[in-house]
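Note that the chains take the letters A, B, C, D and E in the order they are written out, and that residue 1 is the start of every chain.
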Amino acid sequence: DIKIGASISATGPAAFLGDPEAKTLEMLVEELNAKGGINGEKVELVLYDDGGDANKARTFATRLIEDDEVQAIIGGTTTGASMSILAVAEDAEVPFISLAGAIDIIQPVKPYTFKTPHTDRMACQKIFEDMKKQGISKVGLISGTDGFGASMHAQCKDVVGEYGIEIVADETYDPKDADMTAQLTKIKNAAGIQAVLNPGFGQGPSIVTRNYKQLAIDLPLYQSHGVASDGFIELAGKDAAEGVRLPGTALLVADLLADGDAQKPVVAAYKAAYEAKYKMPVSTFGGYAHDGFALMVEAITKAGSSEPEAIRDALESITGLAGTTGVYAMTAEDHLGLDLSAFRMLEIKDGGWTIVE
Amino acid sequence: MLTVEGLRSRYGRIEVLHGLDLQVDSGEIVTVVGANGAGKTTLLRCLSGVQPVSAGKITFRGEALTTVPAYKRLSRGLAQSPEGRQIFTNLSVEENLRLGAFLYSDDRVQKDMDDAFAMFPILREKRNLAAGGLSGGQQQMLAMARALMGRPSCLLLDEPSMGLAPIIVQQIFDVVSGLKALGVTVLLVEQNAFGALKIADRGYVMETGTITMQGAAAELIADPRIREAYLGI
Amino acid sequence: MKLSSKHLTLLVMATLIAAAPFFFPSGYYFRVGALIFVNALAVTGIVILTGYAGQISLGHAGFAGIGGYACALAPVHLGLHPALAVVLGALISALLAYLVGRPILRLKGYYLGVASLGFGILVAMVLNNERELTKGPDGIEVADLGLRGLLKDWGLNLSNGEFWYAFTGICLVIGAWIALNLFNSPTGRALRALHGSEVAAGTVGIDVARVKLQAFVISAVYASVAGSLTALQNKFVTPDIAGFMHSVEMVTMAVLGGVGSVPGAILGAGILTLLPQVLTVFAEYEQLILGLVMMLVMIFLREGLVPSILRKIRGRGE
Amino acid sequence: MSEFLQFLFSGLTVGAVYALVALGFTIIYNASGVVNFAQGEFVMLGGMITVFAHAAGLPIPLAALAAIAATAAVGVALNKLAIEPARGAPVVSLIIITIGASIFIRGAAQLIFDKQIHSFPAFSGDEPIHVLGATILTQSLWAIGGAFAVFVGLWLFFTRTILGRAVLATSNNRLAAQLVGINTDFVMTLSFALSAAIGAFAGVLITPITMTSYDVGLGLALKGFAGAMLGGMGNPKGAFAGGLLLGLFEAMTAGYLSSQYKEAAAFVVILAVLFFMPQGLFGSKSTDRV
Amino acid sequence: MSLLQIERLGIAFGGLRAVHDVSFSVEPGEIVSVIGPNGAGKTTLFNMISGVYRPGSGKVRLKGEDVTGMEPYLLAKRGMSRTFQNLQIFQNMTVLENAMAGFHLQERGPVLADLLNLPSSRKRTHMAEEGARALLTRVGLDRAADREAGNLSYGSLKRLEIARALAMNPAVLLLDEPAAGCNAVETEEIDHLIAEVAKSGVAILLVEHDMKMVMRISNHIVVLDHGEKIAEGPPEAVSRNPAVIAAYLGTEAADADR
C-alpha cells in the first residue's frame, strides 16, 4: 500500500479553508481506490486536523513520518502550518505538497517542498493588472489581520509599485469584527481614491462588501481569491456583491469555460463529484487539495515507486497537468508551476460569476 | 417536637458526631453547651440540613427530616441563626430581612420587619447599608432578626450572643425567653452557658461529639462539674 | 516527611522521564514527550502564580510569545547565540511582568483575569502586526540551538526528537524542583498566605504587592522559557504561541491537574497534550470528546487530578 | 461631522453586539460567581439554530423562538449535567467546566450543523437609514434596542423582584440562601436557562450583522467578557454600558487612530479604567469587613 | 513618650462618623481595653491603627514615630500585630503553616535562596517551624498542627489567630474580641495568656464584650459610643460610670451573678 499523510486545518480559524480540503482528499482517495489505486496499489490516507496551529502541525508531521511512515505529505492549510511541516519533511526527505498561499514556502526552493495554490503575490498582480487596465492609479486597502489577509496585504504592497498604482489608504479589520464602516469611511474620504481592494477570507469580506453598499461607496471593489466561492455572494447579498471583482480559479466558473479549455473536464468532474457527495458547493480551497492530490498521484504513477526521492523527482518533472487551479508545469526551480494565466478575473453580475477578459 | 437519634456526621473521613441522642419538646428552650470543637455547630448544621448526616435519624413534628433538603426545612418551621452569621454581605440590611421571609409575600412580612426593627433599632438606621458594612455585633443582630423573619416554629441559635454588648446580650436572652411565650421552640447553643442555662428549661452537655450529661437547666447550673468546666466558677 | 515527599516527587518524575523511551514504538513519541514537558514547564509557572498565590492570569501566553520570538529575533538582529536568546527572552519577560504586574496585580479575580488577558492580546497583536520585524501571522523561522551538534562532537549522537525529549525533560525537572522548593519556603508561605487573606498577610508583615509581583515575575519566566523551548524545538514560531487560546490552555492544564500541585501541572499538561493526539482517530468527534473529558474530570475530581486522587488514596489508607 | 457620526454608528452597532453578549453573563455570574465561558456558544446556537430551522422551512420569527427555547434547554442541561454534579467544587474548576462545555458545544455544532458561514436576512431589510450624511442599518437598531430591552429587563429583575434577589443571595452565600428557604438548585437552573435564552436572543439579533458559524462563540464571549468587566461584572448596567463603550472605543480608534491596534486601544482603556476603578465602572466594591 | 499614641483619630463612611476625635495611649506592659456598644467604632479604630483603613483625621504614633496611614506590613515591621473580629485565617494552609506565616518577618530572605533551597532558606524555615510549634502548644493547638486550618472549629481558629499574632513577637498587640466564641473556662485561659504576654512588656490593646474578662485584666479602659470617647479610666471607675452603664453595660449587672 501507499500511505499518504495529510495535516489540515479542518477546524480552527482556518476551517473555512481546511474543511473542504479535508473533504476533497477523503473523496479523492475513495475514488482512486475504487478505480484500483496507483499501479494496482491501494492508497491509504492518514489525515490529521492541526487546527491551523503551527506547533500542532509540526507534531502531526513528525507523527506522519515517524509513526505512520507515510511516503508523502499533503497539507498545511495555513502558511504557518506549512512552514512547520516543511521543516520536518525536509529533514526526513519526504515529499510535501503545501496547500497554503505564501511564496516563502517554495522560495527559496527546497528540495522536497511543493505547493499548489497560486501565491498571494500572483493574486495581487492579477488584480493590479486589471486595475491598471481600468486606468485606476490610487487604491485603498482594507485587509483582514489573519494570516491570509496579512500575507496578501504585504505582497500587494510589495508589488503595487510595478503597476504605477499608489496605495492612498491602508486599513485593517479583525476577522471577527462585526462592522467595518469606520475603516471604510476613512478609505472613502481618502483623497483621489479610485478603487478599494479587500484581501481576506471568511465572513470579513462579506461584511466589508455589505458595509460598502451601506455607505454607498461608488468605486470599484476588488476582493481576493480568499472569497472565491458562491457562499460569498449569498452572504454579502446579491445587491451588495454586484460588480465586485476578484481573481478566481476555473473551478468557480466551470460552466463558463470555453469547450477547448484544458481545465474544463477536470473542474467539471471534481465539481460534480464533490457537490454530489457533500451537498455543498465546491470552493477554491478544496480545489487546491484536489490539485495537490492529483500531482502526487501523477508523480507516484510516473515514478513507478513510492520511494520519496523518486516521487520528488517525478514531481519536479510534471508538466501540463491540468488541475482546478491551473495547468501545472513544475521544474527544479519552480515548485509551484503556475503562472498568472491560471487566475481568471471574475466579476459578479446578477448574483452570478462572469469572466472579464 | 424535635428528636435526634443516633446522629452521626463527618467532615470527609473524620467523624465529629458519634451518635447523638437529643430531644426538644414543643415550646421548650433547650440549650447545648460544650467546649470548642465539641461539635455543637455541626449538630445544628445537621438539623438545618446543610451538613450531611452519615447515620441516625432526625424527626421534626413527627415527620422524618433526615433526607429533606435544607431549603425545604424552613417551610416546615425550622429556622437557624448560624455560626459566623452568614448574612448576605452584598445585599442591604433590608434585603437580608426580606430574604429571611423569602417564602412569604403577604402583609405580615412588613409587620415582621417592623418588629425586627423595633427589636434592633440600629438595623433600621442601617437598612440601606450593605450588610457587609455592619459591625460584628450588628451583623449578629441581623442574623437573629433574619431567622425570625422566617416565622419559625423551632429556632436553632448558634451562639447568638457572640460579639454583642452586655446590654444587648441581656436583650437577646429576653427575646429568646419571649419567643417561648409565643410558642416558639428554641434550641440554643451558647458559650455564655450561664446566661443560656438561666433561661433554658433543659440542657445538654456535649463533649467531643457525644452527649455526656443532660438534665433540667436548674440542676445543671447547680452541678459542680458544670460549674467548674463551663461556668468557670 | 515534607522533605521526602518533595524528593520522592522529583525522583518519580525523573525515573518516568528516563524510563519512558524504552517503551516508545517510534520517534514520534519523543516529540510528544517533549511537548508535554514544555507545556508542563509553563504550567508549573501557573501553579506558582495561581495555585500558590491565588492570582489568575489569562495572558501568560504573552510571555511565552516573548520567549519564543526572542529566540527567533535575537540571533538574527543582535547576533546572540540562541541559548543566550532564551536568557534574554526570560529577562524581557521578567521585566515586562514587573512593569505590567505592578498596576494590574492590584486587581482581584476576574478583573485581574481581564487585565492580564489584555496584556496577552497586546503581545499577540504586536507579533501579528509588526510584520517588518516578526513576519506577521504566518510566523518566522528560528535558529538552531546548536546543543545537539555540540553533543554530537562529544560523541553523544541523539536524533532531533531524542535530543529535545532529553533536553526539555531536564528543564522540566529543574523547573519542578524550583517550584517545589518554593512551596515550602518562607516566600512560598507568604504567597499562600496572601492567597488565604491579603489583609491578614499584611498584618503579619508580608508586603503583599511585592510578593505577588515576585510570583508574577517568576511565573512569567517559566512561561517565557517554555515559549523559547517551543520555538527552538520547532525551529519556527507563529503568533499563536502568544494567543488567548494558549493562555487558556495553560490555565486549563493547571486546573485539570490540580492548580496547587506541581505533579498536577505535569499530569494536566500530559493529558491535554496527549488527548488531541489520541482523539485524532475520532476525527470529527475530537472536540466533542475533548470537551467531555474536561468536564468529566472536573466533575468527578473537582480539585483536579492529583489532589483528588491523593485524597482518595489517603482516605483508603486510614 | 458626518465622519464622526459614522464612527459613532459603527461603534454602537459593534457595541450592541458586545453588550448583548455581556448581558448574558450577568445572571449566571450573579447566581454562582462563575463567568460562564460557554456563553458565546449560546449566542452561536441562537444564530445557527435559527439559520437551520429557517432553512428547514420555518419563518424567521418562529425559527428564532425555537432557537431561543432550544438554547435555553441546552443551558438547563449544562447546569443539570455538569455544573450541579460539581457542586461545591472550587470556582476555577467550575470555570474549566464551562470551558469544556464550550468546546463540547462547538464540537457538537460542527457535527450537527456544518462549518460554513451562515446568515439570514435582516428583520427590516437592508436599506440603511441616513442621518446627517452617515448611515446605520436597521438591524443595528434592532440590536441596540434588543440590548436595551434585555438590560431593562435584567435590571428590573434584580432590583424589583424577590426572585432576582434570591439569585444574588445564592451567589453571595449559598448556605445562607438555603437556610432562608431558597431552592438554590432551582435558582441555578433558572439562571442557566435565562442566560442561555438571552445568549440565543443575542444570536438571533446579531447574526444578520455579524453572520454566524459553529466557531463564532469564543470570539464573542471574549469581547462580551471584556465589556462586562469594563462595566463591572454582574451589574446589568455595567454590561450594557461596558459593551457599548467597548464598541465605541474600537470604532473611534479605528476611525481616528489605527484600525490595526483598535483592540489594543480598547484594552488599554479597560486597563486604565480598572486602574482607577478596580471594580469596573459600575461594579460595587465588596463590603466584607475584617 | 508612650509606645502607642492615638491622637484625635477619626474616620467617616459616607455621612457616618464611625470614629471621631479619639485619643489615648498605651504603655509597654499595659493592657488597655476599648469597650462600647455594637457599632461604636472599636473595630474601625483597630483598622485605622493597624493600617487597614487610612484615617480621615488624627495621628497614630508608634514609639514616637508618626505612622498614620502606613500600610499594615510596614506597621508590622515596626512591631504592630493584631487579630481580627471576622477571622482572617489562611484557609489553604495547615495550622502549623498559619502560625509559621506569623514568623514571616523573621523568616523571610532572598527569593533566590528560597527558589534554590539554599541552606540559608532551609534554616529560616526550620527556625519558623520550631517557633510555631512552641506557640501552638502555648495556645493548646499543638495536636492540630498538621490539620488544614479551614477545618478547625470557631473557637480554635480564634486561638490560632492569637498564636499567629504572637509569632511576630510584637511590641504592640491589638486583639479584637479574642474570647468571642469561647466559654468561661476557655476565656480564662486566654486571659492568662494575654496577661502573660503583657507581663513580657508588650503593649496590649483589647476589644472585648466579656466584661468579666475586661475588668479582670485591664489596666485602663476606654469607652466609645457612636465613635466618640465617652469615658476613660481604671476598670472600677468605668464600670460605675452611669453613662457607660446606660450605653453599654445595662442596668442589670448580669456579671454580678456569676
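Convention: contacts are C-beta pairs under 8 Å (C-beta built on N, C-alpha and C of every residue); 3 or more make two chains touch, one makes a residue touch a chain.
Keep in mind that what you see is a predicted model, and the values were worked out from it rather than measured.
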Distance-maximising chain from subunit E - centres being C-alpha averages: A
Selected pair, greater C-beta contact count between B-D and D-E: B-D
Geometric centre distance via CA averages, subunit D-subunit A, whole Å: 35
Geometric centre distance via CA averages, subunit B-subunit A, whole Å: 73
Interchain centroid distance [CA atoms averaged], subunit C/subunit E, Å: 42
Overlap residues in subunit E, where contacts from two or more other chains coincide: 43, 52, 84-86, 88
In subunit B, residues with contacts to at least two other chains: 133-136
Multi-chain contact sites of subunit D, meaning residues that touch two or more partners: 110, 260, 263, 288-290
Subunit C contact footprint on subunit D (complex, rising order): 35, 82, 85-86, 88-90, 92-97, 99-108, 110-111, 218, 222, 225-226, 229-230, 233, 260-261, 263-264, 267-268, 270-271, 274-275, 278-280, 290
For the subunit D and subunit A complex, residues of the former touching the latter: 3, 6-7, 9-11, 13-14, 17, 110, 114-119, 126, 128, 135, 137, 140, 206, 209-211, 213, 215-216, 219-220, 251-252, 254-255, 259-260, 262-263
Subunit B residues touching subunit E - in the complex, by the definition given at the top: 11, 14, 33, 35-38, 41, 83-84, 122, 133-138, 140-141, 159, 162-170, 191-195, 228-233
Complex contacts: residues of subunit C adjacent to subunit E: 54, 177-178, 181-182, 184-190, 192-193, 195-197, 199-208, 214, 218, 260
Subunit E-touching residues of subunit D, taken from the complex the two chains share: 288-290
